[in-house]
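In what follows, chain A forms one complex with chain B and a second complex with chain C.
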Partner chain A sequence: MSKVNRFFSQLLLYKSALAGLIIILFLVGISIYTVITIPYEDAILLWRAGEQYWLDNPRNALPSWINLFSQRKLPETIILTTERLQVGVSKAIVPTERFSVIKIKFSFNYAYDDFPSEINLFFKAKFNTSSPHLTISWVKPNGEKITLRTLLVSKGEDSYYISNDKVLADDLKKYISNKINNAIPYDPPITLMLFAQEDTTILSPDTSRVMKGDYELWIDGIVFETDVDLDAKLVVYGKIYGLAGTDHLRRDLRIALLWGTPIALSFGVTASVTIALIQMFIGAVSAWFGGKADTVLQRVTEVFMILPFLPLLIMISTLYKFNIWVLLVVVIMLTVFGSGVKNYRAMFLQIKEFPYVEAARAYGASNIRIISLYLVPKVLPTIIPSIVISVADFVFLEAALAILGLGDPLAPTWGKVIDDAYTYGALYKGLYYWVLQPSIMLALTSLSFAMLGFALDKIFNPRLKEM
Partner chain B sequence: MLPRIIKYGLKRIIILFITVVIAVYITIWIANIGGYVDEIVKSDILLQVSQSVRQNPAYRGLNETQITKIINEIYENELKKIGFDKPFIYRSLIYLKDAITLSLGRALFLSSDSGSKSVRIIILERLPNTVLLFTTTQLILFFIGLFFGLFLSRRYGSFLDRLSVLLAPLSSLPGWFYGIFLILIFASFLRLLPYGGMVDAPPPADKLAYALSVLKHMTLPVLSWLIAYSFINVYVRRTFFLMFSSEDYVEFAKAKGLPDSIIQRRYILRPTLPPIITDFSLTLIGSWMGAIITERVFNWPGVGSLFYMASVMFDTPVLVGLVVIYAYLLAATVFVLEFVYAILDPRIRAGVT
Partner chain C sequence: MGAPLLLVENLRKYFEIKRVFLGKKTYLRAVDGVSLSLVRGEAISIVGESGCGKTTLGKTILRLYKPTDGRIIFDGRDITHLGWKDLKWYRRETGLVQQDPFGALPPFMTVKRILEEPLVINGVKNRREREEKIYKALERVKLTPVEDFINKYPHMLSGGQQQRVVIARATILEPKMIVADEPISMLDASVRIEILKLLQELQQKYNQSIIYITHDLSTTKYFSERIYIMYAAQIVESASTSDLLQNPMHPYTRALLNVIPDPDPGNRFIIRNVPAGEPPNLMNPPPGCRFHPRCPNFIKGVCDTREPSIIEVAKGHYVKCWLYG
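Here is the complex of A and B:
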């Protein structure tokens, strides 16, 4: 017990080890939280559900905490729906003898400093033969009312992507140009034209400002039927979302960032521990038995040192599209005869000559007993640091495979997020949060293990400690 | 004396050669995925043949069974022409012979920028790019490690020394990872340097301008590797020199009152140089196989990207060609190093029997 205590107090002496340990504990905490709150199957389902599932989320939104650090408040997403009771929503369907009148009104306050990213309107209509004829109008805080469009709603689910309406864009541009007696020299997005102050500031996208205040969207309709129901949902997409933001498919990046943690930790730790143990065992056998066994094992190792590890791994994972755990097994199989075997063999060759090993041989201990009870335990402490340090390598290997477009096709991992971001030009478009968040997680993980490993190295290998 | 060394050399050559042969043969098997690539090639040929036959106006009048017969005949001939009528195990030995004699053959799917299908040309087109990038990087890393390692080993315990120990874990992040950050800062944010590639498009006609353009494109990849691997390099060298500085003969030289510069050169650097040179040459040779991910991140047209494309497209001849060249280079380097040490180092010379 006192030995263990001494070990830990020594460990704490090294501040970087302490920092590393705290980060590792933090990551383990995240992992446990993730596994409990979002079961793996749910995570995969959420991550692979497709855009339809995430339709209420803004695309490529920044993380919400960005507003804490910026004077300019970016808009959050505003969702108003008639399907449940909500402040700012009113719906009335008044049937008369031959037709029904629909009146839906959404009102909300908009006090952000930036324009929304998109505006969509979703409908759910129930009727028999005659489809509702709707007029959509927009009321700005200054009381001005603009008719956006008249449309017919089809049965079931329908939608009107307001911010994608090309005709509306042209009309609005002309309307505003006339109003301020100045032609707008560029094509402003609809989101800007619906929310901007209509004065000369709108003439450039850099000077245009949001008109803050209460907005309204009216849906007035008429149906030549009495058995009618219509539900509508207005989504004014913001530019921030949740703790981690969203990607190009509107997915909540939080899921991938959270689930990346247990996957990276288990992949890294399993790979590095298993590979080190097997390599050590091969090295011990090679050194202990010598002769033919040694020759064969050493030649096999040399052959494997020539084989190109990553290209072979890429081929195999391209062909089979393995999930991450099978990939782990392949990685282990391709690396067990790595250069580590040579190092371990050299260590065991020295230990083999130690008197206590000779004594064991003299009392007739079996080969297996000597290897597992006398040789391996002697080397184990000296290699623990390198095992800990190499966890980082395997965490990055998984990320690297994902960046090459390989790796697990389903699991949400940090590497996958970086790959998505890279493929969709996040760096060109300035969507830095998309790359930075998973990168910081990766860096934290590998740095924590490296810091702990380097400190352990000084404790377990005191020859270095004196230096 | 001399014959003994020659005998030793011959023995090593044979062993290294056998190792290379086995490694290449294993690569041939894995790269063909036990014959799976055959199926891809065969279906490719069948598709080509049937398309060309069906589009050929000369066969237009024939009915379906006749066309199928013609397709089958041409298909069988095509297979025979590339030797695919023989079983894979037989062909694998022919591939092995071709690979070992460096007649690398033709690529299945890839082609060089000049449009050639010859594996040799494809590889030779890429190799200089990778050698340029990574030899530069490794040379700079080598001298940084050597210089700062020596410097810090003399100032053991100083602030800089402790700083180098503290910063060593930063090297647990790979070069390509720092590369992403560098692209983010210097290409995307500051717009100072290019995102990737090797030369401006279109390439400048003037030689000097061309060289400058390549230099500009090299800056970020080289820098990313320097950031990633300098710390661990300096740390390892420093520790290595420290171990040797406490040897008895160094203490003795100090006691004799020899000046520091002589102690450093003769008593520390000289005995430590062989392992350092070994390490450096092996790293250098290894670096010529490119860094797949760094080259992907920086879009560098080197061997690493070629490796990647060949693996994804299952272009076996290219893969095998790359592995053979690497294996020969590695074996030759190992042999030269061993042989030189066997001649130079009296301790090893004694063991040569």
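Here is the complex of A and C:
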């Protein structure tokens, strides 16, 4: 134990090692938290299952902490539903002899500096034959009431995407133009027309301002039936969401950033440790037995060394769509006979001649015992730094493969997020957070392992002389 | 004298030298027809200059090398061509003490691990029993108090202490025979005698046979009973220690005795008669007697054409030289 303590106190003399260790511990902490709070199956559902899981999220929303750094407060998402008791929601269904009257009222306060991104209404209707006939109206803070639409709701689940209603857009534009006696020279989005101050500022999207205050949405309906129920949900989508924002599919990027951590760490660490150990073992066998075994292993290594790694990987993953762990195995198999084998063999050829190895033979140690207990431990300290440093290489490799479209199609990884952001033009649209967040995680990971590895190198290498 | 513990007959060990391209195969004859015998509890010395094949002889006897020809019989069993698995019992009965004590100890193991390895390998399964044996072995080599040494790494010990650990390791299985290959040549002069005395003590106390390999004739008188002089892969003279030191026959033995440093200041102006020249190339040894190019008693037409045979000049005193043939 004292040896371990001594090692750590020596390691912590290096500030870079300390910083690297702290970042690694932080990443490990994130990984543990993620695996415990969001089991992998849930993560896959939240990332891949389908729209119903993220329909209430805004599209391409920025992370919510952005509001801390800006005076212009971006709107959060407001969700009002009649399905549970909630402030600002009232629902009444009054049955009479031949028909029922439905009255649902949503009211909310809107005090943000920017317009919402979308507004949607979702219905859940229960009736026998006659569909409810609904009138949807909008009440602005100044008391003005606008009828948005009349519609028939079908059985089961139905929806009305208010902000996608083309007819409504035309009507509203005419209505506001008349009101301010000025034709609006562009096609403002419905969200803007519903929330903007109705004066000349609306004439340009750059000057339009939000009318802050209490808004209401009314649903008045009539059904020619008595056994009726109707639930409605109003979603006013904001422009910020969660810790990490959302992507083009409204998915919470937090899932991918969180789950990307354990995946990246385990992929990187497993790949680098396994590859180093197997290469070392092959090198040791090759050096120790010599002769035919050596010849065969060295020729195989040379063949693998000239095989083009990336094109081969692209070919394999085009033919077989595989998950990230199969990818890991393929990467390991393509790399174990790498140039490392040559280096290790050279080291072992030297160590093999040490007197203590001969002594071990003299007291009858078997070949396996000599390789694993006499040769390998001698080399191990010198290669630990390079194992640690190469973790970052494999984390990057995984991300690069994902960006090339060769990664796991299901797993939420950093590389996949960057790939999506790239495909949907995140930088072109100014959605920097989408690219920057996974990139920062990648950079942090590689930085931490590199810093720790370089410090380890400094510690282990002077010892080479005395060991 | 009873039946010999070790009997080596006409042992040869040739190393194949690889030719780069289509060349004819050549051999390095490191051991070329050596015979010797060793009785239980006896110590013998093999003396010769560097490169004469004495280390190879020791390692071949221990079967670390596969003999090219000849026979090795240990305790009545022929071990010349036994495979690795059949040799396990032989490993238990033999020990090796090497020249460089620091190199002979794995640097990443503690003294305890180092001494435990031979026990684990040779089937001492009980942990307590192993620990007991480790303590006993360390006490035997006088590394006491044992607690001070048991958890140390080799680099924390002095050269003499390292060599004691090496000896403890070689004797922990209580072997019948130990090959000590220049055990003191890398040590400080101050600890050399101690290590030799320790070896002698172990030999006498535990009735162990020792093959002591050295280039320094002066140290052989401390405990060996018989001396074999080796020159160019062959034994040129063998006799009991006192006989050989008092009455050296072979010109090479005389030369070796001549170069022993003499502490008597009265002799400081005597110019020593050191044979000129280099030891012969073992890939292509000289014809006839291998010592003839350097021999002061060279007989032209005899020594350089025919190889001398081994002659018993006195009881138990054998010489391979034309001067006595």
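Assume the second predicted complex is superposed on the first by the 451 of 467 C-alpha atoms of A that agree within 3 Å, B and C clash if a C-alpha of one lies under 4 Å from a C-alpha of the other, contacts with A are read in each partner's own complex, and residues count from 1 in each chain.
The rule we apply is simple: a contact is a pair of C-beta atoms (placed from the backbone, for glycine too) under 8 Å apart; a residue touches a chain by one contact, two chains touch by 3 or more.
What you see is a predicted model; the values in this text were computed from it and never measured.
Q: So in the superposed three-chain picture, is A:432 touching just chain B, just chain C, both, or none of them (first/second/both/neither)?
A: first
Q: Comparing chain B against chain C, which has contacts with more of the residues in chain A?
A: The larger set of chain A residues in touch belongs to B.
Q: Looking at the overlay, does A:27 come into contact with chain B only (first), chain C only (second), both, or neither?
A: A:27 contacts neither chain B nor chain C.
Q: Can A:360 be said to touch chain B (first), chain C (second), both, or neither?
A: After superposition on chain A, A:360 lies in contact with chain C alone.
Q: For A:318, select first, second, both or neither according to whether it touches chain B, chain C, the two together, or no partner.
A: So A:318 only meets chain B here.
Q: Look at A:374 in the shared chain and tell me whether it touches chain B only, chain C only, both, or neither; answer first, second, both or neither.
A: Only chain C is touched by A:374; chain B is not.
Q: After lining up the shared chain so the two structures overlap, which partner does A:447 touch, if you call chain B first and chain C second: first, second, both or neither?
A: first
Q: For A:396, using the defined touch cut-off, is the partner it touches chain B, chain C, both, or neither? Pick first, second, both or neither.
A: In the superposition, A:396 touches chain B alone.
Q: So which positions on chain A get touched by both chain B and chain C?
A: 467
Q: Show me the residue ranges of chain C that touch chain A in the complex, using the header's touch definition.
A: Touching chain A from chain C are residues 59, 62, 64, 87-88, 91-92, 94-96, 98-100, 103-108, 117-118, 121-122, 155, 166, 169, 173.
Q: Mind pulling up the chain B residues that touch chain A in the complex?
A: Residue list for chain B touching chain A: 15, 18-20, 22-23, 26-27, 30-31, 33, 36, 156, 165-166, 168-174, 176-177, 180-181, 183-184, 187-189, 195, 239, 242-243, 289, 292-293, 296-297, 307-308, 310-312, 314, 319, 322-323, 326-327, 330.
Q: Give the list of chain A residues in touch with chain C in this complex.
A: Residues 354-356, 358-366, 369, 373-374, 377-378, 381, 466-467.
Q: So in the complex, the part of chain A that touches chain B is made up of which residues?
A: 16, 20, 299, 302-304, 306-308, 310-312, 314-316, 318-319, 389, 392-393, 396, 399-400, 403-404, 418, 422, 427-428, 430, 432, 435-436, 439, 442-443, 446-447, 449-451, 453-454, 463-464, 467
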